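Two complexes follow with chain A in common, the first pairing it with chain B and the second with chain C.
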Partner chain A sequence: MKAITWAKENLFNGVFNSILTLVTIFLLYVSFKGIFHWALYEAKWSVVPDNMRLLMVGPFPPEQVWRVWAMLALTLLVAGLLYGNVTRVRPPLWMWIGALLIYALIWPVVFPSTRFWLALSLLALPIGMLLGPYLPRKLLTPLSLVALVVIMALPTAVNPNQWGGFFLTVLITVGVSLMAFPFGLLLALGRTGKLPVFRTLSILYIELIRGVPLVTVLFLSWIMVPLFVPEQWRLPDLISVSIGFSMFAAAYLAEYVRGGIQGVPKGQYEAAWALGLSGSQSARFIILPQAIRSVIPALIGQEIAIFKDTSLVYILGLFDLLYMALTVTKNPKYLGTDREVLLFVMFVYFVGAALMSYASRRLERAMGLGTR
Partner chain B sequence: MEPIIRMENVNKWFGALHVLKDIDLNVQKGEVVVIIGPSGSGKSTLIRTINRLEEIQKGRIVVDGIELNRDVRNIDAVRKEVGMVFQSFNLFPHMTVLENITLAPRIVRKWPREKAEQIAMELLERVDIADQAEKYPAQLSGGQQQRVAIARALAMQPKIMLFDEPTSALDPEMVGEVLDAMKELAKSGMTMLVVTHEMGFAREVADRVIFMDMGEIIEEGKPDQVFSNPRHERTQSFLARIIH
Partner chain C sequence: MNEAASGATVPFWKDERKLGIIFQALLLFVVLATLAFLSYTAYKGMRARGLEFSFAFLFEEAGFLISEGVTIANDGSGWIFRAFQPSDANWQVLLAGLINTLRVSLTGIVLTTILGVLIGVGRLSSNWLVNRLSFAYVEFVRNTPLLVQMIFWYLAVFNKLPPLRQASEWYGFILSNKGMAIPWVATTPAWTQFSPYFYGGIYLWIGLWLLRWVWKSPRWLYWAVPLGAWLLGLFMVGQLPVTLSIPAKQGFRVAGGALLSPEFSSVLLALTIYTASYIAEIVRGAIQSLPKGQWEAASSLGLSYGQTLRLIILPQALRIIVPPLGNQYLNLTKNSSLAIAVGFPELFNVYGTLANQTGRSLEGVLIVMAVYLFISLSISAFINWYNTRVALVGAAR
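Here is the complex of A and B:
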């Protein structure tokens, strides 16, 4: 009923507007008919589930894929534990139902042997939240560190040259973020700091990096980084490319953080100094927490950019999601499925970016409480 | 007796602007000094040199036997002994009241959390807002924020307290509660330097009133003498403008 009233008021109020509405609907129908018809009747969507393993983990040996699952399950478990311990929120009903739905949806796609891992990963988050409140707070940090080491150690049994697919995309995103953030913080502090040498170096570095395209940085690090390490080490391409990527991302992060630092009122510094805090103590306890809080939207935006830009590594022959997708379309068995596969790749990127942007909004609201 | 603050021939310039001219000032332990003067007279700058928020270009400042010079260790040592309350409170907005007060004692004085929190609660009791300990500064009124700022400065157990126009940013009905806290502090024997326009407070609490104009100390003396019987004509015209 409401819909009819709404349509009457907004789409059919008067002869002219009614005609306009009908014409628009007709035009939309004509232009999208083909797409709908293609998506519903012609597209061979089976190419996506048939190649799911390739798209998700690339050339990772199938009998080792449990390692990736274990990383996912452990990450979600620890995330649940931390979240549950801090907020004391019990997992809501929709989380259990969502887990069940996703299980039902993905169940036919995965190998029978991995169904156990799928279930475990889906349950890890709510179970973590359920157990979190019973965990002593003192154990949180050591537990997270141990989990981090285990998570990082899990895939090392497989040669990095065999890591691929969406797994590699996520891995590069996380790795680059972890390396770029501290470096970016240092650059921001250097640029806003009092020491002329650090300030000049930071400015030079930031402006240089921001003045060149990411692809060139990736290519250059791919060629150059191996020259800096002893020959017998033979760094995997993944590492050299990630280092270049991090150096690139750090320059942008630094500028966002600098904006935040300069937004902190001068009185905050003076209050900190008047209390006897040293320069580094003021930065750590007073300035940076406020600066970073105020630029969280920009930081998450940069995080999303990193996530999407990882697709560039396919140029260097790393088997990321995009590379695997293009490989699938070259398989004679699946010739002519470029549209299906690429749409799926876009969908995966979109879901990832949307999740991060949702997390950003939640984080802002949680941190904004009671301040300013 | 050796004064706790000794300023000799202090001069400061902001670029070409000469904001402090040949300031000589000694403050005894336990003395309450109120500094008055028109805006731009350098009175805020004067007290900000005492904890080195402002650098001086000429002259000498010795605080509690520590010479204030370029040596960072001396500056840190002086700042530990000198508390400061600002016009705009400058509480840390991302911390609760209790965290605001315990931060410096915990990381500068290295007190354990329990001790810092116990002393913080005693101080909040003293300024009469113990029930607000878990709130964030933005949730408090201006008067409450300024009393938290006083408690925060006192938590470092300073020997000297500097007040830089502590009531100027407050709504009129909140000025009283902050002045009461300051009076109570003065009675407890704290050495205080107060820049203010509250002449009633100066009359009641000050041991000495200093009048500054154009970066110079024009006149100083007991409050009665400065207010009722000012010797210098600039003091007279300033008081005539401010006391209606």
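Here is the complex of A and C:
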């Protein structure tokens, strides 16, 4: 009975809505009948687990894959430690069960010698949360810094030209964001500041970059950056492309931060001035903390855009997730599996982006954005 | 106190004004020095690699073929539009690429606006099914990269379509691995007699528009003059000058209609679907930002849902929509450069081939960037002009 009243209220309230519902159901049926039949009976989904290592780490030497696992485990451990220390929340039961489930689900596709690392990375987050509250803060900061250095040092034993797959995608996302953020901040300050030369240069830079497509910027830096270094250096493409990518992302970041800076009430500037703070002091202590806090959702949106845009490095021949996926489909053994592999790539990107926007919503709520 | 205020004894490293000037001079110097250093090293690096910075290659023969594209060429009697040929010059192939970029972008802009508004309104529909479907569409499309979607359309959809022989026909549309055949207008033999009237109507319209400083014609005249000219032409010729040509299978090829190549179709579909998800969110945000009283006032006037939307809500929402919508149009145009991944010969793809053939990567990419910059600035100028027209009178411009 309840279902019928619900349908009446939400699907068949009025003539127009009833017709709309029926037409939509018909269209859904027509389009999804074939898709479901294909997905259940015709698709060769085995291509994805069979090539999981290629898709995840690309041409990374198999005996070195533990390095990637160790990076993941360390990152999760530090994240768990920090989170546990700040919130003093014990790891919930679903986290342990989830780790067990994921382990059971993906151990067949993991290189046998690295199954130990898989277990370790899955347990790292809850263990970190468990230990976090007992560590003094004084110890935690140097510990995280040491972990950061270790994480950055881990993959360097392998030639950067052999980094690939989803690992490379994540690496570019993180690297580009870290490089773009300070530059974007500087540009935003320049554009909103009072210094005419600084402002003109910032505006010129931002508008110039925002007027051209990302691929052209990537191409330009791919061509130009190697010209600026001694020829014998043999700069990996990853570096020259990342530089252009960061310069591009900085222009967009600057515009978001500018929105935040302009949203800070004028009274804050006046109060800072009345306290006798200098321009750089008021920017550092008064304006930027408030401005960045208010644009965090937009910044994470930009982060998602960077994550999605990393797929463009495929055009330049870097071995990112998309490149590896298309390599797999060219393997004679897996010919004609473009749909399966590309759908998997979309799925990976979707999960990554959805996780980021979920985190953004959580953060927004935790900081009480828009409510105070 | 007095001395400090006059600034006489303030050392320059504590004087904000002087510090600002020093900082800016330093900044300008650093930027200029960096630019000079970069151009010098680039020049030296290119010399070391045996290259020379020059645009002379633009006038050399291209010598390669692109799969589709129209360019302007001199056929001896004058400049005409015709298909690009390998014997044309390099600037002509770049122009063909630009025309392809504009073709796919303009078509995409029209289609994505329609789809985006529909989905955006669907997001607010009281119909649960439509509402959830629109939501799922927006979430899925926005959270996956455009490039992957484009390659998916090309490799996983259009490349997997059956050959023309087995292709299914659907109300004048034929989908095969040769591409998408759609009904299109075609001219009949009577067109040659009709064309003077056709162009005459357009010239008269332009004349009226130019004359508006001297004599302000009533609005209906703008419609009546060209229509009158065309009707007169129709009456004089006595035959239809244009018909709707419907594609039909003819052996291994399609006759009639217009055949959109698989590359063009996948780029167009990917751009349309991707941008529509952003436009949908813009439309939804704009409609939701209108005061609820507008809906209530409309329904108390007895307007139906559709009437309310058409007469009350959308015209007001339009003001909020225009600036971000223009931004999306810009994004769509810039994103068309991703077509290099599926081999549609738009500007950037043509540049890629050209750079391979001539080795002029740097000069080429600078030209391409300048062209995109020009397109971007034109679109944003147009949007600004339009925005001032729809903005509230008296509102801040």
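Please note the rule applied: the second predicted complex is superposed on the first by the 342 of 372 C-alpha atoms of A that agree within 3 Å, B and C clash if a C-alpha of one lies under 4 Å from a C-alpha of the other, contacts with A are read in each partner's own complex, and residues count from 1 in each chain.
Rule of thumb we're sticking to: a residue touches a chain if its C-beta (ideal position, glycine included) is under 8 Å from a C-beta of that chain, and two chains touch if they have at least 3 such contacts.
As the structure is a computational prediction, the values presented were derived from the model and not from experiment.
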Check your understanding: Touch check for A:Ser311: first (chain B), second (chain C), both, or neither?
Key -> second
Check your understanding: Touch check for A:Leu342: first (chain B), second (chain C), both, or neither?
Key -> second
Check your understanding: Which holds for A:Arg293: it touches chain B only (first), chain C only (second), both, or neither?
Key -> first
Review point. Does chain B (first) or chain C (second) touch A:Ser278, or do both, or does neither?
Key: both
Exercise for review: Look at the residues of chain A and decide whether chain B or chain C touches more of them.
Suggested key: C
Practice item. Examine A:Glu42 and indicate which partner it touches, taking first as chain B and second as chain C; both and neither are also allowed. Key: neither
Study note, to complete from the structure: chain A residues contacting chain B in one complex and chain C in the other 278
Review point. For chain C, which residues count as touching chain A in their complex?
Key: 16, 20, 23-25, 27-28, 31, 38, 41-42, 45-46, 48, 125-130, 133, 139-140, 142-149, 151-152, 155-156, 159-160, 305-306, 334-335, 337-338, 340-341, 348, 361-362, 365-366, 368-369, 372-373, 376-377
Exercise for review: Using the touch definition up top, name the residues of chain A that touch chain C in the complex.
Suggested key: 10-11, 13, 16-17, 20-21, 24-25, 28, 194-198, 201, 208, 210-217, 219-220, 223-224, 226-228, 231, 278-279, 304, 308-309, 311-312, 314-315, 322, 326, 329, 338-339, 342-343, 345-346, 349-350, 353-354, 357
**Study point:** chain B contact footprint on chain A (complex, rising order)
**Key:** 265, 267-268, 270-271, 273-278, 281, 285-286, 289-290, 293, 370-372
Study note, to complete from the structure: chain B contacts chain A in the complex at 51, 53, 76, 79-80, 82-84, 86, 88, 90-94, 103-104, 107-108, 135-136, 138-139, 152-153, 156
